[in-house]
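Per-chain residue numbering starts at 1, and chain names A, B, C and D are given in the order in which the chains are listed.
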Amino acid sequence: MWLELSSELVFDIATPTPFTLMLRPRSGELQTVVREEYRLTPNVPMTEFTDGYGNLCQRLVAIPGKFIVATSATVMAADDLDQTPGAPFIEVAKLPDALLSYLLPSRYCESDRFGQMAVEITGGEVPGYDQVGAILAWLQANIRYVPGCSEAPTSAIEVNQNQFGVCRDLAHLGIALCRSICIPARFVAGYLYRLEPMELHAWFEAYVGGRWFTFDATQTELRGGYVAIGYGRDAADVAIYNQFGPAVFPLKQETRVRLIDGMPE
Amino acid sequence: MWLELSSELVFDIATPTPFTLMLRPRSGELQTVVREEYRLTPNVPMTEFTDGYGNLCQRLVAIPGKFIVATSATVMAADDLDQTPGAPFIEVAKLPDALLSYLLPSRYCESDRFGQMAVEITGGEVPGYDQVGAILAWLQANIRYVPGCSEAPTSAIEVNQNQFGVCRDLAHLGIALCRSICIPARFVAGYLYRLEPMELHAWFEAYVGGRWFTFDATQTELRGGYVAIGYGRDAADVAIYNQFGPAVFPLKQETRVRLIDGMPE
Amino acid sequence: MWLELSSELVFDIATPTPFTLMLRPRSGELQTVVREEYRLTPNVPMTEFTDGYGNLCQRLVAIPGKFIVATSATVMAADDLDQTPGAPFIEVAKLPDALLSYLLPSRYCESDRFGQMAVEITGGEVPGYDQVGAILAWLQANIRYVPGCSEAPTSAIEVNQNQFGVCRDLAHLGIALCRSICIPARFVAGYLYRLEPMELHAWFEAYVGGRWFTFDATQTELRGGYVAIGYGRDAADVAIYNQFGPAVFPLKQETRVRLIDGMPE
Amino acid sequence: MWLELSSELVFDIATPTPFTLMLRPRSGELQTVVREEYRLTPNVPMTEFTDGYGNLCQRLVAIPGKFIVATSATVMAADDLDQTPGAPFIEVAKLPDALLSYLLPSRYCESDRFGQMAVEITGGEVPGYDQVGAILAWLQANIRYVPGCSEAPTSAIEVNQNQFGVCRDLAHLGIALCRSICIPARFVAGYLYRLEPMELHAWFEAYVGGRWFTFDATQTELRGGYVAIGYGRDAADVAIYNQFGPAVFPLKQETRVRLIDGMPE
């Protein structure tokens, strides 16, 4: 399906503030980006770099006053995402070197503390995709999805105590549970068509059967329309924006995803 | 200055042909990209990856028939480029690890064969920027710039024998001469405003005084309006397109660079 | 000074267990490795890879029974480590891209929760080295160093609550405090000559004045004799060993550091 | 088999000379390194870094006078190397991103000039392993292996003209031929047990059937006893030593490989 995406962040800046941003989708297996805009108002100098996860990141110093980051893109997104119950667990010894870091605990996914719980949740499942399926079902049954309820990210331990969370929080707990049974899992931030309410979204991927699969505990069924803008171990690695210095929250954050008829002229 | 850039490549494909492409400018010290389009006709699946030089590359398999790659971008380019006669040579022992590969010979820059010649050309200059300046002056005096004269890249040795070449060829010889006196040098492909005749361009950068400086032997004076789309050791690393299998040459290759009034609405 | 280092880990393995290990010191600014041994008993196949932090890591699958990893090395270590009170804070906008990840929160260094506390501890100090110095003094005054008191790593938040910890724990809290005031900080695991009691050690480095400096809250004064074996964001990245599957604790872990007369014959 | 390897390079240095070295074998699929020594006389400061190919490299500045680099290692090397006639060609579209650079021409492997010749040599073979086998047979029949005949590396074009070469030269031509028919190929430097005359050796690997296979045109049959110390696109990337400034040739270069009874005590 063809989607028009846009995101607008409006900040009120008090003192010159360094930012890193991650707002540019790239083409990949599941999405092709044909148009993209990236506007800063006022237009301050910006440099780009690729981080250790392959994300395209921007650096700039916002100057005092109102600061707007407005991006948009036209993307062909997958209509359907693969689901492969039965896809087997890949033994740790057979994982590519580059995936090992997705087995380790990270800031918001304290997988070193969830071993027992993950074993209980996935008990009796065929190792691999079905274990992740059991984790997903458990999240949907036990952690209430409450969009917009948190400002700062909360970690898997906190989410498990709270028993509710935003999309990001559910992803964190899902990832921690996967890793604790030796399934590589990573965090994805991006857009989802027809998300209600519309906002930037987060979900997770798990590596089973020799590839990454998409899982989203906030949705009752997995449908198409996902557009990724960043990958990482958790939300600490994949921040739509990171500002350094006194905390700056956006005055406004507006996200739109619109279905279009086909590749635009 | 604000520039509108576009590039169109038209191929006639006989059998399914894998391509890698490098046609997306990124924001950096010298340029800010605010809009970008990337269209394939027909629209085949495409994935992106970042290569070892930080370039954003695309992979696809073109299917038989006419195949068009059309890209465009709106970029704020630097009005002027720094020139710093006297900027000192950086001793090899003090270079960052990541720059050492820019001292080695590469496919089209056989720096291992130019030691004597580079010493003669740069004799008497203060080590550093002024040596590169002498190399540039020597290229302008001795190698005739003939746009459009070659299909396949030629190497520094060949260019030196031919005594003429396209932009790419002059860059290759400049790079080989710099490296042979231990100055890191790299190849850049991109756009140049008001290039005559207009086509995709190539130039080189040399690392002196602790940073990269731009050098272009095809121009009598260094002016603004450069937009880089790829960096590497030479044209083998920085190919606007690489196709694998029987050689496919574009039926048409059209490049445009237009000055605009300011950031578009 | 010339040091002979050795480390022996003895495990009792119940089922085939994948391990990653990080036990090979490399030569660097502060140390030159002239001899090294690495023995596994029984001798199972092992591969090596370099992780995202530049550490040399080993992968293997330990088979049931007693499993011994014995390493030793002869290293010339720095006699003294630089201390530069007054070395200035580097503005975030001026940090190299590759250092930005050392400003982010990580598994055991939840720097996103320490902003207020770090400001209080470092209040009045010249930004940079002296702030880190104040953090170090605060750690020494407030967190009791108790070698051998923990099995699993504890995080900065936990250490701050406990008010005591092993070397690793003090490093975690020091790092979290540095990052929360925008000073890049990283975790180091390795050896320290004359550490009492002798065991594998951990400390941290902070980036001020354009380079990394060593800080160790477990020692009353900074002396020479450090040999690093791994760097990372915290102990999750720098694990001497990581085993996957049911937890396996070493039956025995023995570490030795011996001063020798000079480069051995 | 267990091997004791040693290499000694003796230089006579006239002025302070920066070197990069690549002399440390690492453990991998085909070899396990259990002991290693690395001595410089005189003992100048040395740092290490991992290059873009994963090789462990050393940097130092040699001071005037006699300079000796002596390394040794104890390694378990594979007794036999896999040969798999019939292993299929992997379509370019299916190659991992990281392998694409092994399809490009490089300094000493001008694969862009060998398309026609490679097609002739491999005509009629099943695409994949058997094509590389035909290239190997062609090299053995047409390029005379003359150990010790060259000082500086020669490129595939030059080797093809000369019709003779050292191990490095044969590898260069083999690699250029493979790449020109879209088979990824890389250069390997290292040791070979029972090589006659004994010296540091070079061979190549080709990627077919989903993995790298070893090929060595200097040997009539492929046997075990190979120990790799560096990988890259060609000898420009994999230099046992690179010195910067006036050329310095070793006064003496001595290599030894000795079979031992088993893992030493």
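In this section, a residue touches a chain if its C-beta (ideal position, glycine included) is under 8 Å from a C-beta of that chain, and two chains touch if they have at least 3 such contacts.
Here the structure is a predicted model, which means the values were calculated and not measured.
Enquirer: Smallest number of touch links from chain A to reach chain C?
Expert: 1
Enquirer: At the interface of chain C with chain D, does the proportion of residue numbers present on both copies reach over half, so same, or stay under half, so different?
Expert: Mostly the same residues form this interface, as more than half of the numbers used are common to both chains.
Enquirer: Using Cα averages as centroids, what's the distance between chain B and chain C in whole Å?
Expert: Result: the chain centres lie 42 Å from each other.
Enquirer: Rounded to the nearest whole Å, what is the centre-to-centre distance of chain C and chain D, using the mean of the C-alpha atoms as each centre?
Expert: So the centre of chain C lies 35 Å away from the centre of chain D.
Enquirer: Rounded to the nearest whole Å, what is the centre-to-centre distance of chain B and chain D, using the mean of the C-alpha atoms as each centre?
Expert: Chain B and chain D have C-alpha centres separated by 30 Å.
Enquirer: Pull out every residue in chain C that's touching 2 or more other chains.
Expert: Only 49 qualify.
Enquirer: What chain-chain pairs meet the touch criterion?
Expert: By the stated definition, chains touch in these pairs: A-B, A-C, B-D, C-D.
Enquirer: Which stretch or stretches of chain A touch chain B in the complex?
Expert: Within the complex, chain A touches chain B at residues 26-29, 32-39, 43, 45-50, 54, 56, 58, 76, 263.
Enquirer: For a test of understanding, state which residues of chain C touch chain A in their complex under the given definition.
Expert: 18, 20, 49, 51-52, 59, 61, 91-93, 97, 100-101, 103-107, 110, 112, 115, 152-153, 182, 236-237, 242, 244-245, 247
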